[in-house]
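Chains: A, B, C and D, in written order; residue numbering restarts at 1 for each.
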């Protein structure tokens, strides 16, 4: 793994943007993630999507949900992390490049989509970087966010009332299984025109350990290696 | 740090443990396998196994609980897609064989006899697969029969992998008396994490428990190796369980291991085994 | 958080596990025992045991390896010096009984039948004492006989303490079918620490291994409790293994324990059990 | 356990003096020890002799020999520790108070003897607070130390050449088993006039766990509860 130095942290309540400096460029592409670890533990690393890469800098959008992200949230300028990657298949390599896409991100699921928008603006029709709480705007000042609390609806409810937006467009969804399921409950027909970026708790992050399965029409695949992005009509989110 | 195990030369005592390193193809993107003492395949079963539904990985302090469920594409696919690749590797390949009865074990061993695979490891101790609610090891008659027959049909060294569940001394004795040339200690012991926030399913794993790996099991692994070495000083042991640095390797060797396997360490960092080898 | 176990009322589910809390007299200098759900005696053997020579305590991360060797002054001394003290306590006393054969177990139980001691716990799983090189549990015939006879000669609830060595499901079944009213899970599994700096004796413990306690065994303890509860949902379990805070207690209860024992936690801080009880 | 705040640390190579502030007085006496732990681990606490107590301050003399003392050595002003005690029987309660004593401490074994000298100067005939290396003097500036490297001998060798010092005096020895054994190898007859403070790795520190045994003429005793000081002729240092 490589050492990376924390050079910036913008934190508001449970969300934070973390920027680290690496020795050389990671050459990540939108949709890819890295595995992050601490120097002082023997725990497993955890996956985080790249929200931006420029020069020797990687930026992440992270939500504090448990012990690992809690510890990430306490990092200060100058602290060091271990990082390896990038892993996963870039969104670009999976999607139909002749279409334009609506990007729907739920919470930190927006991170790879923000990177995608930056790199391929011509492939994007509209964005829904959606967050429940409006305070998140303060750490992502340059972006147009969809704040449930402000609009009074979830993005899925909003789209349900503005179905026309979906006409002739593809979708790229990235967020919790809950978000993905609620979208396809309302728009089952969109499965054929959508890609979903899946989250599954990971071990190795590199296709070695068979720890992050998803059931697909072609059998069990690994989210880390074969994904994280899949065609929506090829995966079974209900496998139990 | 060359090691000789039953006539087979290992460049160094470090091998990849069965499972977390896949079948090698995934790992060559990250490390040069020819620098390893050896490489153990993920356990192969006769029929393909789809494995357990998610979650399969539960993070705990200093370790992991896994419930992979021996996902693998079955023996036929292994022969066709993996063996040719493995035979080309410039390291000693150990085939980890899992099965549900003596016939399956023997069929697979026979078919691999003529390959370049150097040793066999019978995985009788997987925490995530049951034979009618019980691991094979709990059926002493069947365990004995599998080892006895397997040892008769191959010239290659035959290792038996045990866990800490079961009577270790008794099982080690049974394995050796029935023809095992060495032992692999230890497989991941069964463990559970309770998530109090997850009210509907606090165990998270659908089976309720999985196999615990990583530094958290190191004292138990060292204990097993020490106990078995004490009784069978001449039987080679492949030790594993939480090895993540050079000092760990030396401790395992001191406790009685001849070779040292790394599983969890590969998940932490695929380059970890090579980094350790460089320091040895 | 009152708990009823087979008709006996516990003020709360917290009990002191056998061993680290001594026989109570040492602990009253630090805490008020009457606040506890219960108190388990250090395992008593028929004859006095001098215990193992030092070192007996090996520090490991998140735990300890102990090789006390059941030091105790024997049953006669227990009857004379400890029972009167224990009978006066305003908490449920569980007597932990260890022995080398059925007669010893039965003699001790009979003698304690008329006392105020509330339950018996048969310690068949001490990692530090052997019966001719083997713990009693490895002799299934004797294990069965001890439990069967013990259960017949007492009206008090009889618990059997198991470890993770041995076939847990099989032993639990055997215990229950032969009259055990409940199970204690888990005793300290065997483990070794290697000290590379100590060249003459890298295992440090003279026996080479000892029993591992503390948070490091928590996932294994929860796994054992879950597995047994799954098969015997109505059998009360005293769960223990690494409980050091309130969340641990809730996790053990969620996994299936009825009472929760604290051993290592008492060594960390004798006041820890009381501090937890206050938070419950 | 009680919170204690680090208020002073003087460190030189592997030795350091640590002073902590507690809520109230511990009322420790020379020969007693406390159990120290960190707030951020679930490891067992470790025993350390009190070298001085004054008001709400406890002072320790510590040698960095392994992971626990290593971590102690990194503490800074204002850091917090957990402490409980005092434990063990004060030296004063064990010894014959009609005699005068030579104090022989090996390394950190000097800590309780330094405290003893301060509290009971009239009971002390001479002191050998012995250390191999002279640098230790810099963190114990007010004390007369016996530095092997300066004198060119160990304290036992020195006493062998100055046997007359031992006449009519008692001894209180505190140090490693090695030191104690080497002393009584040379002066077996002194066993009847000596007290030894033993070190044994501890669990609870309070007589509960039976983790710190010493074989005595009256059977197995616990170093933490029945000691750490014993009559030299009553203990068997060779129990194996």
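By definition in this document, a residue touches a chain if its C-beta (ideal position, glycine included) is under 8 Å from a C-beta of that chain, and two chains touch if they have at least 3 such contacts.
Please read all numbers here as calculations on a predicted model, not as lab measurements.
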Chain A-chain C separation of Cα centroids, rounded to whole Å: 48
Geometric centre distance via CA averages, chain C-chain B, whole Å: 32
Whole-Å gap separating chain C and chain D, where each centre is the average of the chain's CA atoms: 34
Chain B residues counted as touching two or more neighbouring chains: 61-63, 215
Sites on chain A at which at least two other chains make contact: none
Arrangement of touching chains [line / ring / star / complete / other]: line
Every chain pair meeting the contact rule: A-B, B-C, C-D
Residues of chain C that touch chain D when the two form their complex: 19-22, 26-27, 29-30, 42, 50-51, 53-59, 61-64, 66, 68, 71, 206, 214-215, 244, 264, 266-271
For the chain B and chain C complex, residues of the former touching the latter: 60-63, 65, 134, 138, 164-170, 189-194, 196, 202-203, 208-209, 212, 215-216, 219-220, 222-227, 230, 247, 250-252, 254-255
Parts of chain A lying in touch with chain B, wherever the complex brings them together: 1, 37, 41-46, 68, 82, 84, 200-204, 206-215, 219-220, 225, 239-240
